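First chain A sits with chain B, and in the next complex the same chain sits with chain C.
For the complex of A and B:
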């Protein structure tokens, strides 16, 4: 699966301080540690406290690219911050994320194509997040239609149906499984299916157990990407095991090691 | 879910010795520990080494019933051993198991009805275990037809599609998920869906991780019973978490404790 490592985020104190003092040490360490843990992408989010978010995004990306070759996911709700980030990207990149309003999809898909970037699309619009399967699937259909219109490679589209926290609505996880199943059948190749995993159980007493349990269940329905804590070894082991059980990797006695390579 | 605790089995040395010496200590301890761990049933299997399997089964059941009130699953391939076990049962009981040959189903369903017992039915016959979904489902259909014919309460039927070890055939787990989904729709109420979980990863390096990952994935498809190691706390925690995620129990911060009660 595509593990999008979430830790380089200005929401965390060490990254916030690094940005503030232009001290690359903590960022470099996180880039190396998350890469070694098996990250497919390093998510980069300047957070809300950066004095100059455009400058902070460019600086973070440069520091990371000087350290590792892992593809970056530029994570911002601000279009100009994404664009600035893209201007310094050297390798493969994912834009995280756009909403599914038609004009937003047009804008983000054009930008993504200009930089040959993959694109994360949320099944929501400016009016908010639908709480049911049907309306989320309507957004998923619109995303795929727009991608076809833009001649966008569908294997570079990630659809995120916006997973709610477990304590908000316990019906939502099963809705997600239904949505993953449906998105897999929407096109050939289908778009990827992503969730923001930490949001599911953030702040909860059993947050790590709940996150890895949801992840393994989701993988059996075709979930193949997640913004997640790749430094949680049990979480990564569970994801790899679920993929082996789904016959995505060959089983060997040392599959945990083999699949990380 | 219905957790069928597997540890009172003559295959294990402590139980084998207990049977041989008619020393109830180890059996009592296992009955208590597995009950405290949340076992729905205590599986009782005399193993292959008992000099007098009928006597051994009756003795084990008596020892357990003198210790705890947990329902027993009488586990034997020998009809006379099952029958002897049933003759001393005081509480709820599960017969584990019968194959799906019509004459076997008739014999075991009649016996089960005589003792108001639940019945585990394997989707296999004297010719062996089918390796595909379709033929296993044919057996499942036959089991349900026979149950209807015998006016058997379908909520007391457990269907076990016979999970293969992960290293034997990696396509099998996904087949199981398909089968659980189909069995759920076979009747109203549907029969329970069971697996022998330990068989999946027995002897494998990551056996516990593989077992709990399969279990949580299976629960999302309707797996609701397993012969399993209830003394593996991580396995039980994972099962409870999966059921909370499927909205089978109310989420609270202390759901692991609440669901055990």
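For the complex of A and C:
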């Protein structure tokens, strides 16, 4: 399971303040804590309040890279911010994210290839997010088609079918399970299947339980990546347990320790 | 039409480990052995680097073995009561890559030899041969925990491969190997889940993962070899998919197991239809070894010179 740790985001007050004051302490702490919790990637998002998003992105990435070796996921809707972030990357990196319009895919895949980066692709375009399985799968297909055209390693593509919050449309979570199953069969190797987990249950009374339940159910259908709160130990333990149940790891009494190594 | 490649892509691999230390590394070995390093299913080198060649460790016992048939003992008749000379013969005449000293004689029911006596034996072997040493206890936890630390200290710096530790008894030998710079064998009784658990327990004591060799009690041909085979196969696949707790090289106890079978031991008069014992026995051992190589074995413990020669030839041809 690829856990993309979501906490270094300018939407959170501590990170926003850190960016504003160029005080690395809070960012360093989050980088260490999330790495220790088992993060595969540290998502970095400057938020909307940064005065100079390009400068903020570069500064955050440098601070993190000086602290831990965990790969970074550069999270921005703005192409120039992504590009600036990439220019200071030292290790493995994930670009988060692009929409599935053909011209966007061309642009982002070329950029990713230049930096040997993995790429998160959302099953939506400039017209918006489809509500059904079929349209999302059409986008997934287009993404894979473009990847083949660009000779892009499919094991470095993450497809995110855009999970809605549970209270928006209750039919949607089950649609995701269908989509994970179908994406797994789209190519060999297939692209990864990702969701933004916190958004799913944000603000709900049982948000942690809902996230945990969705994640374990998703894993049983082939979900293998999530932008999530890795500091929620029960969530991480549940994900590892679900993968053991799906025979992704050899079982042992201390499988939780083994999977965190 | 282009035929599509069916080769799998693997993200992990088997750890590379070195046994033995030369003078510049604090030991006295003239030769060191590196095993592991494979990034593919055995013999499928089109999928990835096949790693280092498997090696053969020839068994030497600290006391003359009681249950060996004549087919076997006749090759060692002049050295059976002298482990150092026995080791020398294995290296110089039979081409052993390593020596595996099996401390049968320290077992409380099989001689109960003292740690002091055993230390002398180990030192004599280290002086007699230049190859790296595997030192294998009697698998009586209490006695091993008494004797093995003393041997470990006596061989400090030689980077021996010491064993075996199991789920219930691992702390003493792990700590002593860590202190004295030896590698460690983790044992599981034909159980992949326990194999992983022992590796976790040992690593929780800060023992480096790249100094561990795994041992799944070996089954000989006709006596459970398929169980060992399928577990070792799963271990290799787990290593290739990046499971760090399953990425250790593997050792098999082929000689001892093959020579316990009636097919290799039975007298010619008893079983005339099975062919002459002098050929049948070594063949049984060689087939067990070659079979297990396919599942992913890095060190083979063996006994009969003819079987050793056959398996060496096979390894050389396949790698």
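One rule holds in what follows: the second predicted complex is superposed on the first by the 261 of 261 C-alpha atoms of A that agree within 3 Å, B and C clash if a C-alpha of one lies under 4 Å from a C-alpha of the other, contacts with A are read in each partner's own complex, and residues count from 1 in each chain.
In this section, contacts are C-beta pairs under 8 Å (C-beta built on N, C-alpha and C of every residue); 3 or more make two chains touch, one makes a residue touch a chain.
Model, not experiment: these values are computed from the prediction.
Look at A:177: by the touch rule set out above, it reaches chain B but stays clear of chain C. When the shared chain is aligned, chain B and chain C each come close enough to touch A:250. Applying the stated contact rule after C-alpha superposition, one finds that A:189 touches chain C and leaves chain B untouched. Of the two partner chains placed by superposition, only chain B is touched by A:214; chain C is not. After overlaying the two complexes on the shared chain, residue contacts for A:21 are found with neither chain B nor chain C. Of the two partner chains, chain B is the only one touched by A:237; chain C is not. In the overlay built on the shared chain, the residue A:258 is in contact with chain C alone; chain B does not reach it.
By the touch criterion defined above, A:116 reaches neither chain B nor chain C.
Of the two partners, chain B and chain C, it is B that touches more residues of chain A.
Shared interface residues of chain A (contacting chain B in one complex, chain C in the other): 250-251, 253-255. Of all residues in chain C, only 9, 192-194, 196-197, 200-201, 203-204, 234, 238, 243-246 touch chain A in the complex they form.
Taken in their complex, chain B has these residues touching chain A: 166-167, 170-171, 173-174, 177, 204-206, 209-210, 213-214, 216-217, 219-221, 237-238, 241-242, 244-247, 250-251, 253-256. Contact residues of chain A toward chain C in the complex are 155, 189, 249-255, 257-258, 261.
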